[in-house]
Structures are given as structure tokens and as C-alpha cells.
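You will see two complexes here that share chain A, one where it goes with chain B and one where it goes with chain C.
Up next, the complex of A and B:
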């Protein structure tokens, strides 16, 4: 039986290497999927051609012979922004979900439970109705409004929870309540909306989708998600310790209330920054972290990056399937994520070897 | 190094839990806190560790007010083992013990942290569990893991909240032998709350007995554990004899047993049974 100190250290280092290998494998799978997705669609430039376009655009100093202008249009202005947006959105949502589940010690936490999704929906609906009735629909009016209402929901949840001492239960209950409030307001807006166009636009927005992705949106989204995920990973030890309960966290020198507040701001901002552009994409932030847990365990130093990769993978795969399966009609990514993700997750849940939550 | 509790009072909302507690613990001592349920034992430990906020100058280390300490600095001086350990998401045993290094690490784990955790696992004889999931372990194993975590913290003062109350007799003795061993080198002090008066008697250097949030008695086990004090604090009669080593042995006298058996017929439709002892 291996029980000496030296053996134990070796065992731990081996475990660590295994985790890094798992993350690296998922990363490779992700890149491969992205390239395959890039070459699939109504008009299909081959993978080789797709890669040429990317190199031509990103590395002009290589002086590559320009590909056909049709290939450039399809790859560069239609498919690639959508794929990149799927990766960014999936990664950001899943990392935020993993972190919030850890901080609140609850495997059911997601942006739905915390009221963020409904708040974004209400913000967007309000902008759509006012935009349609007052002036021409401006894209950033909807985006800005959705983002602001997410932050508003967070402030309300925070203030309610603070009265009850910022316990994780109080944050979750306040989140659920605020979520229901905004859901009701969305229904109300749809009910009293003056035009059926507006109602349709609201329904479409609530389903979420990546078809609106542009390089401009990506330039706004990417820095936000990148910085937020790095900040989450830097806090990994705080989150680890908080999994053992608030008292233990304090006894190990972690100011748990402050960590909770910081992470509420961080996770809401990143989630809001994504769904303001894409519409409501649920499920990824709930499930991707759990799938990652099954692969890699619960040490948040590895779990957060692994969840981010898993979320990116799930969203990209779902969007690709949604794009292709009923051509030329597209199925919104939110629907596909659940339709494909749920059976896969149940399969993992039933056969899992590693207990990833209680 | 000396830990001093100085005229500590604590209340939840308007309910007073602790009243004017004074206590001094030096390195090398094993001090146990006994008292009935609700007498404030756990609350006292949590106040000492600043899990519950207290008034200034209530808890001092070498005369310095610990409420002015940075929470991280404090965690290098005091380790805490809660009554029950939860883990919302299961971690491996190695990871749980590594959490004890939290006050010393920022993000990446150093060779020294790795070494200390591995040593603590070996010291407590739980090395073979290192890669098991914490929630899958038995109560006794979990308790050892949490003690290993507190030891990995390398703090001078170790606070344990009823570490033996859910364990079998062998694990109870094992845990208390470990705690006694830790005080031998005079580099650590252990403060422990306990229900089992015989265990407390056998292993404590000093004891304090709490009654309704105030100290009723303090001193060596033989001074604290008397028939009189047990009747006053717990409301039961007990025989107190002395063991070979001069430590009190408490045998409760079940005098109101018959009162309960006769009451059974009032609440249940059955005749009170004659309960016979095997040896009578």
C-alpha cells in the first residue's frame, strides 16, 4: 500500500499531469470541431480553403495568394464570426456557471436561477417595443438595455440577500424571486405590445441565437469574457475553500462574504455581456460545468478552464447542428443545446464513475 | 505563546449565549470544554476563531487583540475542525488537506505545500485514502482528514468542536491520542469541546465546565468533575470514583428510569415491561 510521503507526492503530481492532459485533449477536440464546422454549410468551401482564408486575413504579412472572394465572404463574414462567438459565449457562460455553483455551494445554480436571464429578456423586450414604436430598431439599444437590466437584477438580488446576511440560500431565493418578477414583466410587455412584429421579435430574441454575430460584437465581447475568466481562475482557491462551508472558509483565512460579492459582480457582468448580444442561451452554464466535473474533479484551478472549454465545445456543436440539420431553416442554438445536451448529460449522470456532486 | 479569552460575552440577536468568559491557554496544553447541549461550547470556539464576531479585546494572543488581525494572519495561528464537515462538491482527500495550505498559497502549489500535505496524510495514517473522494469516507476517516487539514495549516492553536461525538470507541481513543501527542512537544495547544466526560477526564490537562453560557467550574479534571458539579450542571446524579491514575470516572445513576417506564403506558398502548439486566 502506498502511504509514504514520497509516494503520496508522486501520486498527486501524476493526478495533476492527468488533469492537464484532459484539458489539453478537450482543447484539441475544440479546435478540430471549429475547423470542421467552418467547412460545413449550404455552400461548402473545403477545410483547406477555409484555413487559407483565416491565414490570409489574420496573417497578411505571410503574403498568401488571395482565395476566391466567395470563399472569403462565406468564411470571413458569415461563418467564422458565428463560430468565434459560439466559442466565446460558451466559454464565458460555462465558466461563470461553474464559479457561481461553487461559491453558492449549489449544483443547480445557473443564470436562470439567479434571475439574470429573465432580466436580460425584459431589458431587450422593453427596447424592442419602444424601438419598434418610437424609432427604427437600433441593435445596440436592445443590447445595451439587456445588459443594464442584468446588472439591475444583480443589484436587487444583492440588496435582498444582504439583509439576510449574504447566505448562499438567500442569494438563490432572491435570484429566483427576481427571475419570476422579470418573467412576468416580459409576458406583460408581450401582452400589451402594440404590434405583432414586436412580439415576434421578442420571442425570437428570447430563444437566443448566434446568427447576429459580427466581428464588431466579438471585439466588445472577447475582452470582457477573457478578463473575467482569468479573474475567476485566479480566485480558484477561494472557491475551493468555500465549497467546505462558510465557517471553514473563514477559519482558513477567506473572507467569504467579500468573495461572494466580488464573484456576483464578475459572473453577472460576463453573463450579461454575452446574452445581451446572443439572446438568452440557457443550459450551457448549468450543464457544461457538471460535465467538466466528471472529467476533471472539483479543484477549481482546473475546473474553471475545463468548464470554459466544455461550454465552448457544447455551444459550437449545438450551433453547427442547428445550422445544418434542417437546411435552409436554422434551429436556434438554445433549443439544440437542450435537445442534444440533456440526453448526453443524463447518459453521463447514469454511468459516471466519479461522484461530481452530492 | 498564550491565548487569552478576556471577559467574552456573546449574544445572537437578544439571546445571550456566553457571559463573561475568561480563559487562558498556553502551548502544550490540552483544554477541554464540557457542558450540556446549548451551554455555549461551540459558540465559544467560534468566537475564539472569529467565525462569530466579538467585541474588541475579547480574544488576545500574547496580549494582542486578535480582532485587529488580518483574517489570513489569524488563520496561520488558529486551525478549526467543525463538528460536521460538508463538501458541496466532492474533493479528493489530498485536495481537502491541501486547503489547509490556503493561508500560505496564492495560486500554484509549491513543493513545500505538497510535502507538508503528504506528511500529514502519512502521520495520520490515511495515506491510502489520498485519492478517494472525501464524502465517500466513513465518519472516523473524515474526521482524520479534517484534522490533517487543520495540521497542514501549521497553526499553534487547534480548535476542535466535538471531534469524537460521532465516532466509535476505537476512533474516539485514536483521535484523542493524536491530540494528546500534538501537545507533547509544547509547540501547540489544543482546545476541544466534548460530551463524553470520561474521555475529557482522561485526556485533558485542564477543563472548563459551562452552564448556561457561563463558566461553572475550571481546573484539573479531578477538581471539575465532581458529583456535585455534574448534578448542578447536567441535572443528573452520578457516582464519581478515581481511576488508578487518579482521574475521575463518572458513572451516571439512572434514578428516574422508572418514572419514564411508568409514563409509557400513558402515551403508548402497551404494558410497561419489566426490564431485566443480564447480570441480575
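Up next, the complex of A and C:
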């Protein structure tokens, strides 16, 4: 029996529809989680008041009766920015993780491995300790410094890797080395910090979290992440080719070094743009792409958007659980992400017997 | 085998992350409870345990006067350890901020030969050799070389088992002091009389000092301090006793630089307030910002750890809270009732100053005639013989 082009096309379309269905399902789960998250919290406002506040703020021409100032503060100043930031951060980090895992053909790549998280932590710690005062936390000194040091780490990694021919191994090894360097510098700066408050602030920043989300932060963060993720999706074909190996990529006319460099810049920009505002949020960029890959395979045209949705879902779900499980006490999102994500990941790993990576 | 490598690595990595996360939860919510709650070794009442046994020797200051003092003394310290100390004590390493001040008030400043960087009060202590940044990780070699007769430290040092054991092995007795004031249990359910009779930080520190006298003497200095501090203590108790329940106001306590992390200390009641976190089971939980907003506290008190006591740190802390978007609609921020207290003004001999600050901030009408800053200077003048520049509460 021979397979005709029409059969292949039919098979391709069927597979494509299945992938789109998976992406749509995750999207629906995400919307449901967002609504639940918007409805529940330590304070009393529930879904009805939440929707009223959103309509009141977004559609003033409808002349809705103004909700109570308490409801506006709870929904508009606290709950909604936090949900939006969770969506942006989760999507951005997971898309960046998926891209770099593909480009570097390594399933363990994450912002930690590439040294970016440690660099951000050092930048923030430096700003906290050497800043005029800890009150600088309320400004953008810490955010700016964390962002700059992320980019600096990327430049250092790039330069070291370039000396070794820009291979994926050299990028990873350089990233690990730079990560250790910045981790040591964080420890050093904590050790010599002149005030206990500064040490406390550094620890708090390194734990990461979404409760510092504000609309101003979102306005700064969202365009950066959105543009970079779109550019990543546009790179999907190149990543598909790169994930098959450097030799294949070269034989298909793809300049692998250039693609690697472009994606390093994109990944760093997204990660830096997020963790500069949220503090270090680990795990999502490592695991969300794997979970997405188990559902829809390795085609990066679908994997990047699917990972982004999965990352957004994971982070929002974790943050919601962290907010609700011991109300009004909160559990930091990084802890919940690992506690919920790891068992789920192991379950998928055991249940899906085939290898998902490559 | 090669096919199995990736899943095995992934499982190992996942399990490691799970363990890390569990450890994180444990550390976050259990390890920073007061030491008395987390370690079976710690016994807050143990500081008041009297001498268990003594042996005696004859000391003859002059041929005419013969005085018997113990050659060594065995006591149980604040962590529940039995410690034998040779007397008389002439060289003291004091590694905790509150303990240093207690010893100085007891007139023992000249016996202190080692401190930590965090011990900066009274200023005369700065000339003493520092043996590390804090008492969790002192420089063991330097301490052994200084050869103190006793080390006074907080419950942090025993957590560093290696250093603690090395010092014990070197023959230096270590007396762990738990300076954390025990909290009244369920003060919201207490009668007025029960609350009145429950110990305040100042009652606790006076008791602590009395225990020290078994080792270092100077009972007269302890009496002098208690005579000075107790009238202030009674003044606050009496005025709060007269307060009706509807006059109590809500208070949110927060660690500065760790937004929404609070304390479930009930001593807010003793100063005429209600802690909005009073029903939380964890000692230092991270509260939901929306809970804080809904509770609408009338007063916010921020804890700061200041070794320099620079007023600019306090001003910056206050401005940081006042500028938070989320808090703009709560009464405390709208009315500017955000106050900053240094941790050292809540523990130890200076806790009377902190107690007065709290009472004045929470019930300003009741304590309009009280100036805690002036009481602080009175304390400095009386016990250190000098005025000291530095802020402990603001404003």
C-alpha cells in the first residue's frame, strides 16, 4: 500500500486540527481559571462585583453605578493586576523556555541554567544594598538593575560561547558558569550587607511573587513580552530545523549561529522583562514546555503558543491556590508551582511512555 | 538504557524540586516561629529556673573579712541546656543585642570582651572586639582566643551546631538567652483582669535580669532598673485597663522590606489595639493584601532592624508604606497613622520604650502626656550616663 500526497495531507490536517483543539482546550482552562481567580480571595468581593468593577473601569460610557471603593481597590488594584501579571509572566517564561530548549536541543535548559535568573538576582541585590535606601524598592531602581544584569549575563554567555564556536554545548556551559558566578555574588552581597533590612529585602525578592503586580508594571512588561513572543513564533520554522541538529540545519540553509544568537536575545529579553518585576519565578519555563510537548509534540509553530498558554495556566493556577488554600495567609507562588507542578509532571511522564523530547 | 536516561533524570530533578519546595514551605512557615516553639530544647520558662547546684570556695578579699561565694554554678539556660559556669565571671562574650544592653544596664560593660557587629547599643560597646556579624555564625577561633568565662547568646547559636559544639569542646560555657517575650494566650478571650495581670515585655526582662544575677551578681542594679521601669509599665497597664472594648482599634504589624508579612503577636492588646492577624495560626504569615485592605486597620506599625538608628531609615520606611497603591484607601494611610519601630525597642531593657511607643500610637488620647523619645533619653542618661543620638520609634 502506498501513501499518496493526498493521504499525507489528510493526515497532516488531522494532526493539525488535533493540535489546535489541544491549544483551544488549554485556552478554555485558562479562561476558567482566570474567572475563578477573579472571583475568590481573602476579601469579600466575588464574581458579580468583580465584573461590575471591570465594566465600570473599562466602559465608563455605560454609566454603571459605581461599586464600593473597597471593591474597586480589591478587584482593580489587587486581584486583576495580579491575574494579568500571572498570565503575562507564565506565558513569557514558558515560551522562552520552549524556544531555548529547542534551539539548544537540551530538555533541561531554563533561565536558571543560562545564568539569567542569578544575574537578575544579583542586579536586584546590588540595587537594594547600594541603593539610596531600601525605599528604592518602591521605585524602578531594583527593576532596572535586575533587567540590565540579565542582559549583561546574556552578553557574557554569548561572548564566551562565541569563542567556542557558538555551539549549544558552549552556550549551556557558559550559562552554567555565569549562573554560578552571579549566585556567589548574591551570597557575597548578602553576607556583607550592612543592614538586616537589606538582607531581608533580597531574600524576599529572590523568592519571587506576583503580589507586587501593578498596572504600571504591566504596561511596561506586556509590550516587551508580547513582541518578543511573537518574534519567537515567527522563528518557529528555524527552531524546528535547529532542533534536528546543526548539520541538518546547515544542509537546509539555516544559519544556525545567527538563529541561536537571535533567540538568545529574545529569550533573555522576555525573561528579564518578567523577572525584573516579579522576582525569580522558577520551574515554569522548565516544565510548562515539557507538558505542552507531551500534548502536541515538537512542532514549534504549535509548541511555542501551546507552551505559553500552559505556562500562563500553571502560574495562574499556582498563584490562585497559593492565595486561597490558607486564606488570608498566602503561600508564595514559587513554592506552590513546584508542589503542584512536579506531581503532575511525573504523572504525565509515567503515563506517556514515549519520549516527548525530540 | 539510553531511552531511560531522560525520564530518570527528569524524575530525579522533579523529586529534588519537590523536596526543595517542601523544605521551602517548612522553612517559611515553621522555622521562623519563635525558637521556643520550634525546638524541644527551648524552654522559655527555663530562664527563670534557679541554680540547680553550686559548690563553694572561700574568697578572702581581706584577711579580716571572709566571704563564701560559689566556685562554680550550674544552671539551666533559656534553651534548656544545663550549663556549669566557674565563678566569679570576669570576661564575658555577649553576642546578642538585647543581652548586651541588659548586661550594660547591670553595670557589667567593662567585663564584656566580645560582641557581634549587630550589637551597637550602648555606643561604648563599639570599642569591644567584634567576633562576627551575628551570633549564628561567630568566629569560633577568635572567641576561643579571647577565652571568655562565659558566652551569652540568643537561641541562634545552638542552631549552628558545629560552632556551638566547638565552643563547648573548648571549655567555654554558653548560656543561651531567649529574649522573646512570651505572648498572652487568646487575649481577645481574656477578661480585663487577666489581661492586666499578664506579663508585659518589661515584666519579662526584669525577670530575665534577676536570673542573670545568679551568675554575674549586681542585684542592686536590677532593682534600680525595675524601680525605674515598672512605674511606666504600670501606667500603661492602668490606662489600658480603663479602656472600653469599643475604644480598641485595629492594628496591622508588618516587617519592613517584606510587604504583608506580619506577626501574630498579641501584645497589641496590651497597648489597646486589636491585631488584624490575631486568628492566624502561623507565627509570621504572609497576609493577602486584599485581606489587609478589607480589615482596614486604623494603625500600621512597621518593624525595622536598625543598627545605626538613623532617622532617615525610619522616614524611608514610612514613606514606602504611604506610597503603596494598594493601601491608599485604608484608614491608617489616609490618616497618616503609619509608625516605625526598631526591633530593639521591643526586646530587652529598652522594651519599655517600645511599649510606650505602641501605647501612644494606638491610643494617642490616653497617652498625650507621654513622650517615649524623652523616656528613651531618660533611660540612656540614667543607665549609660549619656544621651544617645538615634531613633528607635518614628514618629
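Structural remarks
Everything below uses one rule, namely that the second predicted complex is superposed on the first by the 343 of 358 C-alpha atoms of A that agree within 3 Å, B and C clash if a C-alpha of one lies under 4 Å from a C-alpha of the other, contacts with A are read in each partner's own complex, and residues count from 1 in each chain.
Keep this in mind: contacts are C-beta pairs under 8 Å (C-beta built on N, C-alpha and C of every residue); 3 or more make two chains touch, one makes a residue touch a chain.
The structure displayed is predicted, hence computed values, not measured ones.
On the shared subunit chain A, the superposed partners chain B and chain C are arranged side by side without overlap. Look at A:298: by the touch rule set out above, it reaches chain B but stays clear of chain C.
In the superposed model, A:107 lies in contact with both chain B and chain C.
Once the two structures are overlaid on chain A, chain A sits at the apex of an angle of 140° toward chain B and chain C, using CA centres and rounding to a multiple of 10.
In the overlay built on the shared chain, the residue A:8 is in contact with chain B alone; chain C does not reach it. For the overlaid pair of complexes, the smallest distance between C-alpha atoms of chain B and those of chain C rounds to 10 Å. Of the residues of chain A, those at positions 107, 355, 357 touch chain B in one of the two structures and chain C in the other. Across the interface of their complex, chain C is touched by residues 41-44, 69-70, 73-74, 77-79, 107-108, 133-135, 137-138, 191, 194-198, 200-201, 204, 211-212, 214, 283, 290, 323, 326-332, 334-335, 338-339, 342-343, 345-346, 349, 355, 357 of chain A. Interface of chain A with chain B (complex): residues 1-9, 11-13, 15, 101-102, 105-107, 234, 236-237, 240-241, 243-245, 247-248, 250-255, 293, 297-299, 301, 354-358.
Contacts from chain B toward chain A in the complex involve residues 46, 49-51, 71-76, 78-80, 82, 85-92, 94-96, 99-100, 102-103, 105-107, 114-115, 117-119, 121-122, 125, 127-128, 130-131, 133, 135-136, 153. Across the complex, chain C meets chain A through its residues 3, 6-7, 9-11, 13-15, 17-18, 20-22, 24-25, 28, 118, 133, 255-261, 280, 282, 285-291, 293-294, 304-308, 312-313, 316-317, 319-320, 323-326, 328-329.
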